[in-house]
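Both of the next two complexes hold subunit A, though its partner changes from subunit B to subunit C.
Let's turn to the complex of A and B:
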């Protein structure tokens, strides 16, 4: 298989397989988790302003009082990483084209120089967060193979995408194929790893908010 | 696998629901929950990270309820939960967790960690991995009526003294009263002034109340140990008495876990909504304050701070009553930074104060440093709280650090300054 054939495979069958596993995986996992159900709370509810599942879905996006000071890297790094990564994925011109091909929707892109800069910031943030995971006793203690593995599969698409656009190390065709392949690996891994928090965190925040709202506590 | 372990794993499988599954799937190992846990902040030991305290439960979830986990189990790639492991986890689930719920308030993905600890304890209890202190308190509650082994004649004796000291009648088993008053053993034995305070306030407000000779104990060690079966037996006594006496309201004492047991867990344990209201004493007092019945003859001048008991405030939802009440009676109340639902635990909740091993006591003393710091930073010599269990734990902390801080109960303080 030469470079072009490899690229063609990643853009064709490879993408189909990855998107297929991703979609079925997400569906399966959501069913697996949320069909477990929960018991109805029989205690008489207490109502309080600002206490509901939906409130908590939004409220937990901000650090509770005092927490930013206790773990600034987690919060600042978390914000930069998630927002910048979303910018690259959803506002990079080639990505919009891909989405348009898949589902027919499109929107204006950001200039490629800006996306390139965003990729550098994202990677730098990820490296800082990795260093924090290694340095901070609690994070190091909690970390398993999965934490290092998911960091790697998230980092690689950003790195290879940036390197392809900057024409670094490998010919463009080869690097682009590697970029697409790494993104496909990310798609396959996502539903079956901690990366799935991107889906379940809404449910988790809602449950926490709902259970405590029953007692009249905005959490 | 031993029979008890098998039962324990079965119990864990039973308690796992959609919220727990969602929580485990959402955890990104960020460790922020540790920053909210006094056992971590005061020791610096990562093993006290709240989410880590649930690792055996997480593995049962993964192995029993996820496709990948089941596959791993089939090919022998998963690590089964063992008796030795649960034994090791006992310290993490009981000694170093007071079920204060502060972790549940900060988790960025929204995990309600204390919800999971409560469920995890069901499996720990069934498999026999419970500290002796809580086990015997539960046994005494089921067999004798209360965690300290108090029987009705002893309670009646205390009530007689209360009547002598206040000159007021304490009604017992009186049908149709407005309130059925519940107590905690800790109050009966260590703080009978609480009962005197209540009698004075009820008399002043013209509210009828009664105690029940077969249901005076409000605390529920069954919940702390994690056994819903035993918890149900204990809570049913109150439900039966309230229904037999046809009272409109059941008054929970200051004690935080008692309130949690009767107000929030009670109906779920007996499997039906109650036909009466469960009211925390501070809710009643605040209602009386708003009606203008709770007038003070004078105010306490000492600068003081408030310790908000976790189970009443953060986990119980009595958020608004404590501050106006303390302001009603104290001239120099100083609000602290981490107050109300953000308050730090005393270190003795969730049954922890009943564990009297050397290690558990040393750990509690370490965890108490956070309260010590709050008092020192506020620069006060007085702290007020409203939970008998917090009071015992805090007084032990004061003794340990040889502090001269005064600790007062809110209800008694109000009664003491009540207009004649």
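Let's turn to the complex of A and C:
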């Protein structure tokens, strides 16, 4: 298989398989999670008014008092990494074109140099967060294989995409094929790992807020 | 025509100054040091018509057309006249047995010294019967001619990589020159067709230095195939700014914006079109408003649609809808199983009383 055949495979059958597994996994898990249900709470609600569920969705995006000082890398790094990664994925011209081809929606792109800079910032932030996870004994103790693995599958698409556009290490065609392949691996892993928080995050926050309010701890 | 090249050129009205300028340009295109232009001029001027055998196999003659009709009259064209082109079916006057005899004589008289140029792929299916010349299969002729050649130059994508004949499903079992010839230096000059100056550049390098130019991992001269079309494209700034033509006749297309979204394969194509251009530097595909097809890359014909962007899916998704249905089905099945488990647990639940605990 030569470079172009490899690239064509990743753009063709590879993408087909990855998107297929992604859709399968996402629908499976969403239906499974949201149909689980909970036992009916027979106790009278202590606090029914207000929108604790909705408030919790936003409130948990802010660090609790004192936590920013205790764990700045988690909060600042987490914010930078998530927002800048979203900029690359949703505002890079080739990515918008892919989305347009898959779902028919498109919007204006940012200049490629800016996306290149964003990739560097994202990677630097991810490396700092990884170092923090290794350095802090508690974080390291709590980390499992899944944490290291999901960090890697998230990091690789950014790294290979940036290296492809900067013409580093391998010819562009090979690096572009590796970039697409790494993104496909991410798609396959996402529904079956903690990366699924992209889909469940706000639902679970809302649920927790709602339950807490029911028990008398409204937000 | 006998004698050194410079005499023949002079007879054709090419001055020494023009020839020197041509050699300097050629040397600079090939990224050779400034002194190489002069060395090239001296060596080429004195060159004594090396024997060249040109074998056309499974091809469309586009490569020959490209070189002979690039623009007229050209020094490239004239240099082609100056080499002793002992066998070239399209250009030679002889035909039939006479032509085959010329080939045999050239091979015998210049054994080990002649250059072998090949255009077209070589079909191996049915013992090579898909393409024969004078009753002999291409594969036979190639093996015989390559045995006595100093070097082999594969002209065009078909000879270099198999090209369109090798495209899926490859009905003739077509292969490239380098698939068959393993013991001779081979230069690949891919393109459909290749740029004429690349061809003369390689010949000039061979005549001057007695060796072939530096090649990349696909056997292509680095000086011409070292960069991608995208990297040297004059429309590149528009790509970087995110300005793309969406159709071939929209405002973006009229403004000369990047053709990436219209399927341009420039980012994955190594060739010199963007710098050398075509038709005597007049224009080239992207300048004329059409994206690059990637014709100088192996298997370009099977690289997905010419009109689909590189970041877009090469084919329509086949499994997505089925996968979504299976996923939803699996979700429903698992949730039903969970409910059954929960209900069974509820049904088999035994209430523990205080009396039980005191037992």
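Keep this in mind: the second predicted complex is superposed on the first by the 210 of 219 C-alpha atoms of A that agree within 3 Å, B and C clash if a C-alpha of one lies under 4 Å from a C-alpha of the other, contacts with A are read in each partner's own complex, and residues count from 1 in each chain.
Assume a residue touches a chain if its C-beta (ideal position, glycine included) is under 8 Å from a C-beta of that chain, and two chains touch if they have at least 3 such contacts.
Note that the structure is a prediction, hence the values are computed from the model and not measured.
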Do subunit B and subunit C fit side by side on subunit A after the overlay, or clash? fit
Which angle, in steps of 10°, is spanned at subunit A by subunit B and subunit C when each chain is reduced to its C-alpha centre? 170
Is A:57 in contact with subunit B, with subunit C, with both, or with neither (first, second, both, neither)? first
Contact-wise, after the overlay, does A:201 reach subunit B, subunit C, both or neither (first, second, both, neither)? first
Which superposed partner A:5 touches (first subunit B, second subunit C, both, neither): second
What's your read, subunit B or subunit C touching more residues of subunit A? B
After lining up the shared chain so the two structures overlap, which partner does A:16 touch, if you call subunit B first and subunit C second: first, second, both or neither? second
Partner chain(s) touched by A:79 [first = subunit B, second = subunit C, both, neither]: neither
Name the contact category of A:29: first (subunit B only), second (subunit C only), both, or neither. both
I'd like to know which partner A:108 touches here: subunit B for first, subunit C for second, both or neither. second
With both complexes overlaid on chain A, what's the closest CA-to-CA approach of subunit B to subunit C, in Å? 6
Intersection of subunit A residues contacting subunit B with those contacting subunit C? 28-29, 32, 35-36
So in the complex, which bits of subunit C are touching subunit A? 228, 230-231, 239-242, 244, 260-261, 267-268, 294, 297-300, 302-304, 308-315, 317-320, 322-324, 326-328, 330-332, 334-335, 338-339
Considering the complex alone, what residue numbers of subunit A touch subunit C? 2-5, 7-8, 11-13, 15-17, 19-21, 23-32, 35-36, 93-95, 97-98, 100-102, 108-113, 167, 172-173, 176
Per the contact definition, I'd like the list of subunit B residues that touch subunit A in the complex. 16-23, 25-32, 34-36, 40, 44, 46-47, 49, 51-52, 65-68, 104-112, 115, 263-268, 271-274, 277-278, 314-317, 319, 337-338, 341-342
Contact footprint of subunit B on subunit A as seen in their complex: 28-29, 32-39, 41-44, 46, 48, 56-57, 60-61, 63-67, 70-71, 74, 78, 136-144, 147, 192, 194, 196-197, 200-201, 203-209, 211-212, 215-217, 219
